[in-house]
Amino acid sequence: MSLTVYRKAHFNAAHRLYRKDWSDEENYAFFGKCSNPNYHGHNYELEVGVTGEIDKNTGFVIDMNLLRDLIKEEVEDSFDHKNLNIEVPDFKELNPTMENIAMVIWNRLRRRIDEKYGISVKLYETPRNYVIYDGK
Amino acid sequence: MSLTVYRKAHFNAAHRLYRKDWSDEENYAFFGKCSNPNYHGHNYELEVGVTGEIDKNTGFVIDMNLLRDLIKEEVEDSFDHKNLNIEVPDFKELNPTMENIAMVIWNRLRRRIDEKYGISVKLYETPRNYVIYDGK
Amino acid sequence: MSLTVYRKAHFNAAHRLYRKDWSDEENYAFFGKCSNPNYHGHNYELEVGVTGEIDKNTGFVIDMNLLRDLIKEEVEDSFDHKNLNIEVPDFKELNPTMENIAMVIWNRLRRRIDEKYGISVKLYETPRNYVIYDGK
Amino acid sequence: MSLTVYRKAHFNAAHRLYRKDWSDEENYAFFGKCSNPNYHGHNYELEVGVTGEIDKNTGFVIDMNLLRDLIKEEVEDSFDHKNLNIEVPDFKELNPTMENIAMVIWNRLRRRIDEKYGISVKLYETPRNYVIYDGK
Amino acid sequence: MSLTVYRKAHFNAAHRLYRKDWSDEENYAFFGKCSNPNYHGHNYELEVGVTGEIDKNTGFVIDMNLLRDLIKEEVEDSFDHKNLNIEVPDFKELNPTMENIAMVIWNRLRRRIDEKYGISVKLYETPRNYVIYDGK
Amino acid sequence: MSLTVYRKAHFNAAHRLYRKDWSDEENYAFFGKCSNPNYHGHNYELEVGVTGEIDKNTGFVIDMNLLRDLIKEEVEDSFDHKNLNIEVPDFKELNPTMENIAMVIWNRLRRRIDEKYGISVKLYETPRNYVIYDGK
């Protein structure tokens, strides 16, 4: 019998979608204005879900303050007000699409959260586009 | 290892819930004011989810602009500013409840999106009532 | 020293924008798909503001339950799940644009709320289009 | 082939997180300011999902007005404007964490809704923290 | 030529609406379930507006981080996870209606923000009820 | 007797807050992480208000499709998916704070909208920070 608790967070960042081995024209043909070499940016809204049983002693699945702090350490401190392509090593060889950002966040949290818990990541790139990844 | 990407869209439409083989009184008894023969209407808010693997070459599950255009062609162009009962052939013999509208949308998209992808449809009829259908 | 308190409400309705003295073609040329003779509809979201001084005895500007009931009587009971053009007499000779609906609502409330209070009406026709009217 | 329909509701309540067998200091050490002996409170926002097949005769999974009334009877009437610790018997021996509140709501609804339907409960304790429980 | 910048914040608190010189019955007759002697509570959502000219040297009306910190010191630190009636001295003799809470917040901020700026306070008690006060 | 109609729009952009005559250290001391020389970015959400009388012939204050197109031409086409510092000439010598962006948008629209109308611009830089400018 398990529940999932969710915590919201956010970060603002610049990025550019492109492949290094393509020319600007090729990148524009595929990624459109998202490939702007001068970058654009987003307010990323994040929801992290943690699935597990209720601890009978506390009534918690996980301490939400602990979860909030983990998200701050693993995501906000690394991504907020950053240029994802230039300043976040995870995207050195990885295109910072919302899909890849969600996977990077999931992997970072997976290393910090006990394996008994399931993890899901919901990431809004804009109010109209978002992605969910749960490691399956 | 798969993710789901989501795209929002919307359309405004009039409709009436009723059965042709029932009298207005019988329809009112069951469907209440939703059976008003003069119609009422909604701002339908739609979220379409597409589930698949990340393309290693692009970092995309699916091109979101392609998805946006498909939704426009299959849903917005057919439903927006329309009377669903009178003007949308899918509802000629089908009561345009939010459940049936969601299934019609899912079926329309299923014909256009590669079978390797899963599809889910979330449809808000009002900010307080919505439905999810994923074809299972 | 005055404050404004706000109460939200909502109603779903069908309508059509058109002039009776214009042909369907002329109406379409000006009002576009909003002039569809078969109607379309919206979830109207309403916020009513009432401006006045705090009653020192209660700490209220106005009893919010009273305001809620007034909005129900004057707006929801008349407009919800209705065809505005056909079933709401206020729009017999008045095009039910969001501007005119807001004015009709303001006038209906003005007759019921003590003159010592100011009134404002904010009406969302869609999540992207809205109007404010405060009687000035 | 099943769909899930969702209905939103809300209630405002006071609560305190603590264990009776711990001192105020021990409770503060674990539950932080949520253990304030004078209580604090929340606007709880609730979404109840009901999963089932579409009734071919009506186009409904379940009558949403029936669902709305059930939620009112089982949740709003018991919880709204109450002190959960003192006034809601379900929490006499149960810490009113969002996880436990969600389970209590799920169990109350499970007794009232036909077993052929699945039920899910999503409960926002704040706009930033929420929980989902579906009985599995 | 002036602009208004806005910063959002929030706090969760318990409260009770009542007059000490009235009986519980009299309070219930006027304030309804909001007078529950065991308290209930809300997620208060706050928006503080500061009106002034743009500083040509910085492009700011006011440093938003400074404003964020002021709101934390004057509002969140005093009100969050508190029982407003018992633990916040401002409400010792003042009924903690949303109107009075908004005035208390405005007065607290007025003492800390330079007189050259105008101040407005928007306070949501629930997603459906809110108040605006700007000191006029 | 006038009303204000509002239209929402949005654009995503990268920017950096800084003064060219300050060192990176001086800029960081004042603008904090917003001065990151590699840029960061936002989803800017925009609401444009147009104040005027209702045209008795149409029931409109202004044609909302015309307003939508104007916003697209003057704001979205110039700002969306751009680096504001590098690619938008208005910010060549002007720090792209939300205050200055709002003024630039207001001035661009003022040149295109008949002087009989009032104009207001509300710009969200994040869901928690926004600015309003109405030219007064």
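All chains are identified by letter, namely A, B, C, D, E and F, in their written order; residue positions are counted from 1 within each chain.
Everything below uses one rule, namely that contacts are C-beta pairs under 8 Å (C-beta built on N, C-alpha and C of every residue); 3 or more make two chains touch, one makes a residue touch a chain.
None of these values were measured; they are calculated from a predicted model.
Taking the mean Cα position of each chain as its centre, D sits at the greatest distance from subunit F. Taking the options A-B, D-E or A-D in turn, the interface that duplicates A-F in more than half of its contact pairs by residue number is D-E. With each centre defined as the average position of its C-alpha atoms, the distance from subunit C to subunit F rounds to 29 Å.
Among the residues of subunit F, those touching two or more other chains are numbered 127. Contacting chain pairs in the structure are A-B, A-D, A-F, B-C, B-D, C-E, C-F, D-E, E-F. The touching residues of subunit F, counted against subunit C in their complex, run 1-8, 49, 54, 57-61, 64-65.
Across the interface of their complex, subunit F is touched by residues 17, 19, 30-32, 94-100, 102-103, 127-133, 135-136 of subunit C. Per the touch definition, subunit A reaches subunit F in the complex via residues 10, 12-15, 33-34, 36, 38-43, 45, 80-83, 86-87, 126-127.
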